[in-house]
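Okay, got some structures for you below.
Shared chain: chain A. Partners: chain B in the first complex, chain C in the second.
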Partner chain A sequence: MAHFDENAKPFGNKWLDERIGLNTLTRVLQTEYWIPKDINFLWAMGMVLAATFGVLLLSGIFLLMYYKPDANLAFDSVNYTIMTEVGYGWLWRHVHGVGASIVFLIIYIHMFTGIYYGSYKRGRELIWLSGMALFVAFSAEAFSGYMLPWGQMSYWAGMVITNLFSLGSIEAYGLVEWIRGDYVPGDAYLTRFFMLHVLLIPLVIIGLIVLHFGTLRLPHVNNQEGEDFDYKEAADLYKAGKVKESKVIPFSPVFLSKDIFVMGVYFILFFYLVFYNFEFAMDPVNFDPADGLKTPAHIYPEWYFLWSYEILRPFNKDIGLIAFGVAQAALFFLPFIDRSPVVAPAHKRKLFNIWFWALVVIMIALTALGKLPPEGIYNDLGLFFAVAFLCMGPLLVWITIKEKNEMKGA
Partner chain B sequence: MRELKILAVVTFFSVLIYILVEPFAHSQMHKHVEGHNFTYTGEADIAEASDEKKAVKEKFWSEVKTIASLKGDATAGEAGFGMCMGCHNGANMNMGGAIPPNLDHAGAIYDKNYLIALIKDPAMASNVDHKYADTMMHPMGSVSSMFTDDQSIADVVAYLLEKKAGEVTPKEAYKEACVRCHAMRYANLTQLGETPKFKHEKDALAHKIKVIDEQDAVKAYMGKLPPDLSMIIRARSESFLETFVENPQSQFPGTSMPRVGLSAEGYEKVKAYLTEIGDPSKPERERLGPWVLGFFIIFSILAFLWKKEKWRGHH
Partner chain C sequence: MEKERRDFMGLGLGVFTAVGGIGALYAMKRTWDPLPSVKAAGFTTIDLAGAKDNELTVEKWRGKPIFVLKKAADMKKDPRDIVINNEHYHVSVGLCTHLGCIPAYKKDDHKFLCACHGGEFDVSGRQIFGPPPSPLVIPPFKIDGTKLVLGEEGPEFKKMKDAGLIA
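And then the complex of A and B:
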């Protein structure tokens, strides 16, 4: 049996250490969790995301106290009860709405940082995979949450997205009805998406966040040059007081102090949007109550889904669905599509650098086109960029194999 | 410095996406309609009219212009207004489709040209003459037999602008201009106006039936029940609301909604009420915003100093 000091002060340091290994935990998770020193503010996006998730959770809890998941009451419980009668209800709602939108901006920055620096290779595959799983979970969370105000866009976006499950020419309308619990979105539909939004998906997200952090601990985060150095040696140097010579810093408090500064700046932007520019996150169309007999002139998803929507749209329904599926899966398997062992920032990898910026441009073009009415030139551009996106996968395989061979040759 | 360069790149792409999916996409989705600052000269009506109607409309609006240049006599107009009171009497009775609006502040919220045009020919003034092409007559059509000469129209309009132009609250403006068709449930307003408190459920239900009857009558006349406007201030853009209220046909050709003829001041009042009900947190938002931003600015400065302290000697 372990030794317990009977004289240890209850809840004191020693007392806790004997019971939950407090000192070990602090060491492993904070003071001796080594982060490379050669990083920039993009390395703070993970903590910014964690903070935003916290803000979403907190604001969501307050909204949950007054929201009514009932097709007849939902719209008014949000737009009247919460916005008018509940003290600061409007603040929580705007924080939640803006947070849900801006969290995707940070997710995309976080993802593209990973791609740019090649941070999904050399032992970091699981970080990428768990991160992509988080992206999918956040997407499901965003979509289910978008149903809840039960406005026109909730209803019609719900109609369009659930229709995807008819799987094109397979015409699996039974599956669509099973998902909706009805022939069209209605009360059964709203209450199940409510459950998904406030319970099941958040649980999955929390689990995945823990996993994501876990996958990070052993391979360590990447650094600006993709340099692979001996962590033990660097850590010993740091512990010996040679902080200037060492290539690492401890997570807490050194890395954290920078994270918190970046978070502060981020929250200035965040609350500027909450107070002065929230319409991008709260579409005016959704302030009309859901009406199954009145289709809005333009149905479009929130901005963060536009690029995948535009991959679906220019093709006929079967090819569109396949393209859509391939596009989603392709990002998932990035660590395996990329055949090069090189871990370095894109600007040091000639062809890969071109590929990276082309990907950025294509995804932004798709995003813009996804919201524009599918007419005239926009149709042609949409088709062009969707095909271009689909070509990016095979292109990456070719580029990285070439890179690998050049390395061997050198 | 490298960090600032990276920040510039990230900011550039974020702002680019914002511009593309917000201002640019919306400019492509919605047609641009030019406003006329709530003046009514018939310019847009004539421009959008079919060839056979063009001449009629041109003639109508030039006659309106002639009447507008006459000097009206408010005292003489008072007698004429007596005829209006036959219907515009506040009795809340549906007459041929809708409840004739209360005119207590007509001079304060409606435009002079519009009032002249309305008395001359209500369907033309409201730009809904397409609705009365065959045998159906505008519910206010009988007005043409009451005011037969230009001077009598000028007189009654002078009376309205002088005597019915007292200070008007946003709520009164909404009730006079909109509520006979557009309920506003977040403000306890139906087509019959404010719903009183009833002691007995039976009375509340009886009132509800009266409301439903009124809604049915409006529905029969308009083709569908006009929407509740509780949230309209957030559901439509500012420029849409302005141009739509000024001339509904400009946004929805063929709509049965008549032009109500609000002046710029009258529209400001109505808009103030729509904002009060549909976006009540606006003043609170504007009050709180600087404090929260100030907090995070100070927070960031302190965090920066802390960071500097922690990183000392690391580079």
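And then the complex of A and C:
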């Protein structure tokens, strides 16, 4: 039988501790959640992402108050009502648009940091997998949100992406029409993607964020050298007051205050973009209302989808779809493709270092080519880099098996 | 005895909730289906009398663009053509068979070019370059004088369909 102190002050520390275990929660999640000291600003990207998600949620709530999910009204509700009539409506829209674009920049930095330092191995597999699930959920959230202003790019991006579900020669047009609720993207399509964007996918994202944090708690974050030290010993040193000698700091308030510094720098850049350079997140073609009888001269997705879009392009329909599917799924399997037990930064891993930078170059090249028209030399370059990307998986298996064998030999 | 009873109750609960769950999934699937009103609005009549040689007109059927191209004497004839009074017409759903963008008609080159992924089709809608896996789709049609009823399968369409020419 639990004991409750009759004299505890309501909502005071003791009162709360007896009812919801406040002190235990604080200890487990904050003051005794140990973060290694040997890290750099790249370790702050997780909290930067969480904060950006918060900003997207907040701006989204205010956009929701005037947005009308109706094929006849949506375009004007965004471009006329929210942008010109609603007080500071433009602010929420630009914050939301810029945020949606920048969040992917930070996601990619966060992902490539993880790859560079090998932070998906040795007990950290679930961190990687839940992170990849978040990437997919954010992609779905970005796509569904892109539909809502119901401009030309919304309509045609919707047309092209839903057509992917015809699955090439399988010709599953029934499935495509089922997803759309119409022969072409129309009112039913817009309202269901509205539902996905404002309710279902955000719920999934919030759940996945909790899971992602949860998977981090026991294996702890990696450090710059991939060092596997005794956390208990380091924590005892810290608690004994030997803060300097200890290899760790508590998540809150110490690590979080560093995070907040990085966030401060980040939000200066973020709001600079929102106020002075928001055009990059506002495709001019999407300021024409959706028209099912007119395809824009060039259709391309936002920059963060260009690399996977470019993998579709150089092949015929079926092979393109398979290549696209493989490219989407491949990164999920990274912890299992990488056969080497070495957890170390790439610059200490010879072949892996070359592999890592080759991957970065290929992704940037695919991104650039995705924006260029599909003509002449661009087609050949697109094919080259798409094939190169697909070879990176098998190559990693070979490199890491070699690394593992060298370790055994040494 | 106690264990068997619990197993039976567990099984009973499992089956009962599974049936309910399947029912709910079916209801959800049906809710995502296209509405009957969307499916019913399926017929459009277009008049070919006004078509000019080598000039593309775009009509609308089930929300999709429909290409109508009257072939000039020097343009290649094809079994996919709709022939009315000895005039050859190319009529197709104007969506690229790769991923559904609308190809643009290049009048001087006599071909359709899709800007999305670089696919090309000739004046009969046959794919000649790039990722499209099949020709532009011919919509169900019925010839009625110089008019065409889209959405209805006339004898000429059925003949094309049997010959495997519609897509």
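To be clear about the criterion, the second predicted complex is superposed on the first by the 410 of 410 C-alpha atoms of A that agree within 3 Å, B and C clash if a C-alpha of one lies under 4 Å from a C-alpha of the other, contacts with A are read in each partner's own complex, and residues count from 1 in each chain.
Here, contacts are C-beta pairs under 8 Å (C-beta built on N, C-alpha and C of every residue); 3 or more make two chains touch, one makes a residue touch a chain.
Not measured: the values here are computed from a predicted model.
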Next on the checklist: After the superposition on A, what does A:Tyr272 contact: first (chain B), second (chain C), both or neither?
Outcome noted: first
Next on the checklist: For A:Ile260 in the superposed arrangement: first (chain B), second (chain C), both or neither?
Outcome noted: first
Next on the checklist: For A:Ile354, using the defined touch cut-off, is the partner it touches chain B, chain C, both, or neither? Pick first, second, both or neither.
Outcome noted: neither
Next on the checklist: After the superposition on A, what does A:Leu64 contact: first (chain B), second (chain C), both or neither?
Outcome noted: neither
Checklist entry - Which chain makes contact with more of the residues of chain A, chain B or else chain C? => result B
Next on the checklist: With both complexes overlaid on chain A, does A:Pro373 touch chain B (first), chain C (second), both or neither?
Outcome noted: both
Checklist entry - Which holds for A:Met159: it touches chain B only (first), chain C only (second), both, or neither? => result second
Checklist entry - After lining up the shared chain so the two structures overlap, which partner does A:Gly320 touch, if you call chain B first and chain C second: first, second, both or neither? => result second
Next on the checklist: Quick check for you: in the superposed arrangement, does A:Ile179 touch first (chain B), second (chain C), both or neither?
Outcome noted: second
Checklist entry - Who does A:His298 touch here: chain B (first), chain C (second), both, or neither? => result both
Checklist entry - For chain A, which residues belong to both interfaces, chain B and chain C? => result 297-298, 373
Next on the checklist: Going by the contact rule set out above, which residues of chain B touch chain A in the complex?
Outcome noted: 2-3, 6-7, 10, 13-14, 16-18, 20-22, 24-25, 28-29, 185-186, 227, 230-232, 234-237, 278, 280-281, 284-286, 288-289, 292-293, 296-297, 299-300, 303-304, 306-307, 309-311, 313-315
Checklist outcome for this item: Contacts from chain A onto chain B in the complex sit at residues 37, 40-42, 76, 79-80, 83-84, 90-91, 94, 105, 109, 243-244, 249, 253-254, 257-258, 260-261, 263-265, 267-268, 271-272, 274-276, 279-280, 282, 284-285, 287-288, 297-298, 303, 306, 360, 364, 367-368, 371-373
Next on the checklist: Could you list, by residue number, the parts of chain A that touch chain C in their complex?
Outcome noted: 156, 159-160, 163-164, 168-169, 177-184, 186, 188, 192, 292-299, 312-313, 315-318, 320, 373-375, 379
Checklist entry - Where on chain C is chain A touching in the complex? => result 29, 32-35, 38, 58, 60, 62-65, 95, 97-104, 115-118, 130-133
